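Heads up, the next two complexes both have subunit A, just with different partners, subunit B and then subunit C.
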Partner chain A sequence: MRRIGAAIASLAAFLVLWKVATVIGGYPEFILPAPEQVAAEGANVIGSGVLWTHTATTLLEVVLGFSAGATAAVLTGIALGKSVLVERVLSPYIVAAQAIPILALAPLLHIWFGGGLLARVVICALIVFFPIAIATMVGIRSADPLLDEMLRSLGARPAQRTRLLEIPSALPVIFGGLRVGVTLAVIGAIVAEWTGATVGLGVLINIANQGLFNTSLMFVALATLAAIGLVFYGLVVSVERRLVSR
Partner chain B sequence: MSPTRTLLALLVLVLAACQAPAPSDSPAELRPVTLLLGYRPDVQFAPFYVAQREGYFADAGLEVTIEHRQAPDVQRLVGAGEAEFGVADATDVMIGRTSGIPIRYVSTLYQSFPVALIGAVEDVPGDPAGLAGMTIGTPGRFGSSWHALLAMLEAGGLTEEDVTIREYPQFNQVDGLSNGDVELVTGFRNNEPLRLEARGTEVGLLTVDVVAPLPGPGVIVGDELLADDPALVSAFARAVAEAQAAVIADPDLGFTVAEQEVPTIAEDPEVARAVLDATVELWAGDGFAGGAIDAELWESGYETLQRLGFIDGSVPVEEMIDPGVIGTGAG
Partner chain C sequence: MSSQTTTAGSVDLRDVGLRFGAPEDGLQALDGLSLDVPAGSFTVIIGPNGCGKSTMLRLVAGLLQPSAGSVTVGDMPPRAGDGRVSLAFQQPRLVPWRSTLDNVAMPLELAGAGTPERRARALEALERVGLAAAAGLRPRELSGGMAQRAALARALIGDPPVLLLDEPFSALDALTRETFDAELQRLWLERRRTVILVTHSVAEAVALADRVVVLTPRPGRVARIVEVDLPRPRSAELLGDPRAAAVATEVREALVAGHAIELRPWAQQEGAA
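So, the complex of A and B:
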């Protein structure tokens, strides 16, 4: 209850500061809309159903992209953590891929993967992949060597040691990566939509900004994205609390 | 020479320097202004480069800084008074002005609306009704290309639902056409067709001018500057029109100056030259009007955008343009 109260107080303070900035700065709506102008625009697009149409598409991309990217990243991270050879072979490619700006690669991925939902999920998954893979690798290697030695002396096979020791030990670190990854998934979905989509919050931002010159509508889309990020982050934290003993 | 004499000599030199007359050929003070262009440096902006380098702006008493920005930012920054002048699509001006951005269109750059549907000659229908069922690539649901596409569909008795739209926000719709992902693309007819022809495609066009005339891009200015200093705005618009007339009369001049401003021309000078020549044809239209605004064309374009739902008619067309700035034209 206290946590919810603090969140509401924080939100209220943010809105007040925002309103004060618009009043003191004297900004017109097309430069910085006031909170009530954004709220009115939000009510408008919620009522018309426009916001939900775009939000539903982005949600689907985030869920699929995060699921695919996180699954691949955890499996790759386990392989990297357990095998120095795998790490030596794969790491340069993973790091190089991370160093390439996804914005530069995204238009090509869009063409290679047919330009539909699959292309957008791939772009989203690629953004998610790196922090989770590296976190998993680090986590796997953080297993207690004495416990590992004990399992070996009891005749545990490699798969058993991974399941019973390494993965449980790695969970806190993996969840650290998942927390970062899930917020990146939202960014990934928008980057993917900006390379080519007909619907989604990224598309709505473009329409509002470049097509309608409606800054309030753009803020509504941005606020929706922020809300999606917060909800998914909260879900990851909630799962983490259930799985990771403290 | 003794130290005393040396010091005296230095003192004489310093005094002589202090008494030296100021240079008599200092230029008249120029008014610094900023011009925003909504695209990267390109040969299509040759009149502005010529106006700057060949002294048209200076003759008008202006020291112009040219900046290249994102198209939607141009309207906002000019409207907010962060820059004095900008270049924007007329259709975007109608929407931006209706959305509350205090800008006005004061002179015309393109006599003809430059957007067309482009494809392999055998794929381009003879009239807009033939677009039904086709797959069309466009940068997005914004800007003059989108407005032109919807205007063409409307002219053919069609809606967005009758075609498949694929978006290319990186403006790489030509790649989509080359890949066979789309059958037609929207584009400026002085640019994309030439790039496709360079790839060996025999190109066909369906131009919006023929079916649903819309006003073309032009110079915009903020309401405040227009009210405070109309002479400055007029001087700028006239300098641009004069430089544009110079490029129309002598495209070689425009190309030579643009080569110094646009690094990408060196990558493919032949295509860049072809783009400039095609652009000159568009500027000239049926006869270069020196930047004059065609009020009738604005009225019909305004009605088209209203029918398509882009504007609600709350701001009349008279508040979007000021034909008096350039009058019947300059240059």
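So, the complex of A and C:
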């Protein structure tokens, strides 16, 4: 209850400061709209269903991209963590793919994956992959060697050691990677939309910016993106609380 | 007393050598170690730091393979997890995110036993070591002594013919340690499985062993075997007995003979000062 109260108080303070800034600065709406102008625009696009159309597409990209990217990353991270050979062979490609900015890679991925939802999910998955794979690898290697020897003395096979020791040891670190990854998934979705899409919150931002000079609408889209990030981050944290018991 | 009449619990090390690392600059941990441990006996291994005592136990547990010679348990070389040998370590090595009960049940879980059987037998093992009340606690909620009891229960649960103990009580205070030694003796007298215990303590060796095996400094080899022919159960009072004192003296002499080479430079320095 107190946590919710603190969050409401900080949001209220933020709105007040924002309002004060617009009053003192006297900016035109296309530079810094006032909170009530943004609220009115929000009510408008919610009522017309426009916001939901764009949000639904972005949500789908984030959910699919994050799920696919995180699953692939955890599996790859386990292989990287368990085998030095796998790390030597794969890590140059993984690091190189990460070193190329996703914005530069996105047009190519649109060509390869047909420019539709699949291409946008792939872009999203790719940006999510790196932090989760690396976190998983580091986590797998953090397993206590004394416990590993204990399990080997009991005849545990490599797969049993992974299930009973390495994955549970790695979980806190994997969740660190998932927390980073889930916020990157939102970035991935927007980059994917900017490089080739007709619907989505990234598209809505472009329309508001270039077509309409509607800064209030941009604020609505940005606030929606922030809300998506917060909700998914919160979901990851609540799953983490349930699984990581220490 | 369900003492096993077969030789399933006998342990035989023949000319065992073990080298870590490369042939030219590796570490020779054991060299030409031969030891015959009869089934059902209580053998204590004692020796200076780094003489390869723990390495020897890992060979018998099947965790390491000898570079030379052979190790047999019963009539076959040991393989980790074959159910014939269990090893309790110097540290309890409990998995922190599992309850005490689930830690103790781990050997059965790895062997594929069902949950009801695991729970029943783990509780039974915890009862044997006097820890049934702590079954639901996490390892971090256990004292050092309780954690070590849990580790002992995990080693006992499969009732293997050979139990290896690598200084399991060395982190405990002296009085607790005496209690543990007495309990270990009681557990051994109940079932008479083969026990090989590694220790640094001459008193512990005399209190528990049928035979004390003194190892040389690295590379480890058997320096002397001292038979301990004292009646059981041995109480703390018995250890004040002149016969016990004589055994302790013999063990200590064998240890000092091995140590003498290492200690000589210090003795010379003291003499010069």
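The definition used in the following text is that the second predicted complex is superposed on the first by the 246 of 246 C-alpha atoms of A that agree within 3 Å, B and C clash if a C-alpha of one lies under 4 Å from a C-alpha of the other, contacts with A are read in each partner's own complex, and residues count from 1 in each chain.
Heads up, the rule we're going with is that a residue touches a chain if its C-beta (ideal position, glycine included) is under 8 Å from a C-beta of that chain, and two chains touch if they have at least 3 such contacts.
Small disclaimer: the values here were computed from a predicted structure and weren't measured.
Chemist: Consider subunit A as the common anchor and indicate whether subunit B and subunit C clash or fit when overlaid.
Modeler: Subunit B/subunit C on subunit A - fit side by side.
Chemist: Is A:Asn209 touching the first partner subunit B, the second partner subunit C, both, or neither of them?
Modeler: The answer is first: A:Asn209 touches subunit B but not subunit C.
Chemist: After the fit on chain A, how big is the angle at subunit A between subunit B and subunit C, using C-alpha centres and going to the nearest 10 degrees?
Modeler: With subunit A as the vertex, the angle is 150 degrees.
Chemist: Give one of first, second, both or neither to describe whether A:Ile31 is in contact with subunit B, with subunit C, with both, or with none.
Modeler: So A:Ile31 only meets subunit B here.
Chemist: For subunit A, which side has the bigger count of touched residues, subunit B or subunit C?
Modeler: B
Chemist: A:Leu165 in the overlay: touching subunit B, subunit C, both, or neither? Say first, second, both or neither.
Modeler: In the superposed model, A:Leu165 contacts subunit C only, not subunit B.
Chemist: For the superposed arrangement, tell me the lowest C-alpha distance between subunit B and subunit C in Å.
Modeler: Distance of closest C-alpha approach: 51 Å.
Chemist: Would you mind listing the overlap between the subunit B footprint and the subunit C footprint on subunit A?
Modeler: In the superposed arrangement, which is not itself an observed complex, subunit A uses no residue for both subunit B and subunit C.
Chemist: Enumerate the contact residues on subunit B facing subunit A in the complex.
Modeler: Residues 70-72, 75-76, 79-80, 92, 95-96, 99-102, 140-143, 146, 165-170, 172, 175-176, 179, 181, 310 of subunit B touch subunit A in their complex.
Chemist: So in the complex, which bits of subunit A are touching subunit B?
Modeler: Spelled out, the residues of subunit A in touch with subunit B are 28-31, 107, 111, 115, 194-198, 203, 206-207, 209-214.
Chemist: Over in the complex, which subunit A residues touch subunit C? Could you list them?
Modeler: 146-147, 149-156, 160, 164-165, 168, 245-246
Chemist: Show which residues of subunit C lie in contact with subunit A when the two form their complex.
Modeler: Residues in contact with subunit A: 61-63, 79-83, 86-87, 89, 91, 93, 95-97, 106-107, 110-111.
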